[in-house]
Amino acid sequence: MSFEVWQVAWFTTWVAAIGTLLILPPGIALGWLLARKHWPGKTLVETLVTLPLVMPPVATGLMLLKLFGRRGLLGRWCESVFGVEIVFTWRAVVIATAVMSFPLLVRTARLALEGVNPRYEQVARTLGAGPWRVFWTITLPLAARGLVAGAVLAFARALGEFGATIMVAGFIPGRTATLSLSIYHLVQLSRDNEAWGLLAISVALAFGALWLSEILLRKRPSL
Amino acid sequence: MNRSKLLLRIVGAIFIGPLCHGRLAAGEVTVFAAASLSDALREIAAAYEKTTGDTVRLNLGASSILARQIKEGAPADLFFSADEAKMDDLAQAGLIDPTTRRSLLSNSLVIVVAADSNLKLSSAQDLAKATVRRLALAEPETVPAGIYARVYLQKQGLWEAVVGKMVPTENVRAVLAAVESGNVDAGIVYKTDALISKKVRIAYEVPRGEGPRISYPLAMIKGGENPAGAARFLALLSSPAGKSVFAKYGFITEP
Amino acid sequence: MNLEIAHLHLPLTAFALEVNARLGAHITGVFGASGSGKTSLLEVIAGLRRPAAGRIVLDGAVLSDAASGVFLAAEQRHIGYVPQDDALFPHLNVRQNLCYSHTIDQPGPPPQITYAHVVEVLDIADLTERRVASLSGGERQRVAFGRAVLASPRLLLLDEPLDGLDAELKQRVIPYLHTMRDEFGIPMVYVSHNADEIVALCDDVLLLERGCCVRRGTCADLFAVSQAPHYILKPD
């Protein structure tokens, strides 16, 4: 395998990891809100969050392009406040993968948190623990397995992201070249043999991540 | 009528309908053509359809992608490429009828910026300046417009300076879209592309002598579904009437 | 202890919980069939559920008052709660469960009840490093009591604590409840559908039926011995 292949693989893993880490706090928070609380507009939020999961990824990518482009609302804000551009950089790749993985994380986090018996949380409250402490010392540890499985699943999804990424980051060798984008590019250049190499890595990474996720989800201790 | 009969009819219509529709109706010509030819071809095709009653199906995109599709067996009657290399490729694979091959058009390269941009370019060398942070080109390894642009930049000694700010796109029209959206500072497209868009303006035109030789070859694909129709359309494209339409859009027509 | 429950109203699925009572005994029993609202009553007192109407005042301090919108959060009430399924934290061992309340910085005087004392009284000294899942039913109950007591609550709510234990085991756990009352002096509200337990432990009994307190009195008032050595409810 050539050096470039490893660079692409490393870049893909790295942005997927960053993207996943970025969505963990809001994903778990939203999962908790959906699992434990009832509030007006809950169904609307549930639907909106699930949207990227069901919409064509390029459609999501188009929306992100309009939002983060130089003339877009957030694009202009980022440029004026931080002086950084989003589209056509690695940041756009992170954003695209984060947005596409978010619904998956929220779903799994919600399931994991719903699986924690509320009785434990109630007893902890009567022992003097406020809601934050209950979350950190009781809810989170008990939901940990499911949450990690969700994070791994989100990571696996981020690894394979294509449609939204190509819209908002494009394929720029050395800057936004992920595994899936590179495979597409190589196929267009009729360099199929090299594409196979990248394909093998993609499959291996996805397989590994899913395997881990399955193991974590299966051995759930009876609560 | 009872429910099950109605259901059967609906299911039948859903599945069988499109099949009937999808079969090439008599007199349908499929043309795979470079993206830069979009507007001119649409106009010629509309005229053709009116006079002959045939339908013209245009598949427009990067010549590299189209050539690949034809190689993989996509149904095409005519291939209208933006560079000779792609046509040579198909010729070597024995996929075209070499007797029908001809080069009709040429084009020139321009550097465009957004219509509301303040960027001024007195020469191509200005592309290396810091004021141009992002430059869009068609994919420089495969898409003809990108190859022409790269060859030109290499000749000008600008390639190294520009490669770090390059945003490659899938075809030349995507370059135009990128410049229009404001997400890049400038782009290299054909003059004909710049002329159809009101949202961009030409900042610099590459003089004919300096730029690479651009040529648009056209040929019939062997084993196409409608060779008669294809031959008719090809004749129209090569006729003075056809050429005048191309000229109107800014193409340089070979006599 | 003086717990005032004034005109409490909490809508439940089939009926509404309506209680108006003053509790002051050492151990008050709440007797009723399953689904009569007993658990909901405990949850309201503990601050885990918000009543639609009514006031709850403990030793002069208002815990909740629907009319004025006052609602003291569960973590601030210092009311212990041992739910029906003991709810020992499965990810912590016995000692960590017991000391959970001690990990929280609470204002006020240091707890009177010490870890060593509780562990000795409830006979759980040799269980402390064990994982919760490895404990027997009786052991789990005692650890659950210990955990609640170590928070130095001013009132302890017990929801069917002996449910699921066999008769012999119950006989062995009941003395611990007596000891808890005697050694730690914490007033309790004890909920059960089992008359024998109520008679063995409680001084004052409320009979709850479909959310309403239909009878009130001492064990002697409400219960009579039946053929087998069990207690049954006296007719009205």
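Per-chain residue numbering starts at 1, and chain names A, B and C are given in the order in which the chains are listed.
Criterion: a contact is a pair of C-beta atoms (placed from the backbone, for glycine too) under 8 Å apart; a residue touches a chain by one contact, two chains touch by 3 or more.
Everything numeric in this text was worked out from a predicted model, so none of it was measured.
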Per-chain C-alpha centres versus the global one: which chain is nearest? A
Looking at Cα centroids only, farthest away from subunit B lies chain C
I'd like to verify one number: the distance from the centre of subunit A to the centre of subunit B, where each centre is the average of its C-alpha atoms, in whole angstrom. 37
Between subunit B and subunit C, the Cα-mean centres are separated in Å by 80
Taking each chain's centre as the mean of its CA atoms, how far is subunit A from subunit C in angstrom? 45
Which positions of subunit C touch subunit A when the two form their complex? 43, 46-48, 73-75, 77-81, 83, 85, 87, 89-91, 100-101, 103-104, 106, 133, 147-148, 151, 153
Sites on subunit A touched by subunit B in the complex: 65, 69-71, 85, 87-88, 170-173, 188-190
Of subunit B, residues touching subunit A in the complex: 64-65, 68, 133-134, 139, 141-142, 166-169, 181-184
Subunit A residues within the subunit C interface of the complex: 117, 119-120, 122-130, 133, 137-138, 141-142, 221, 223
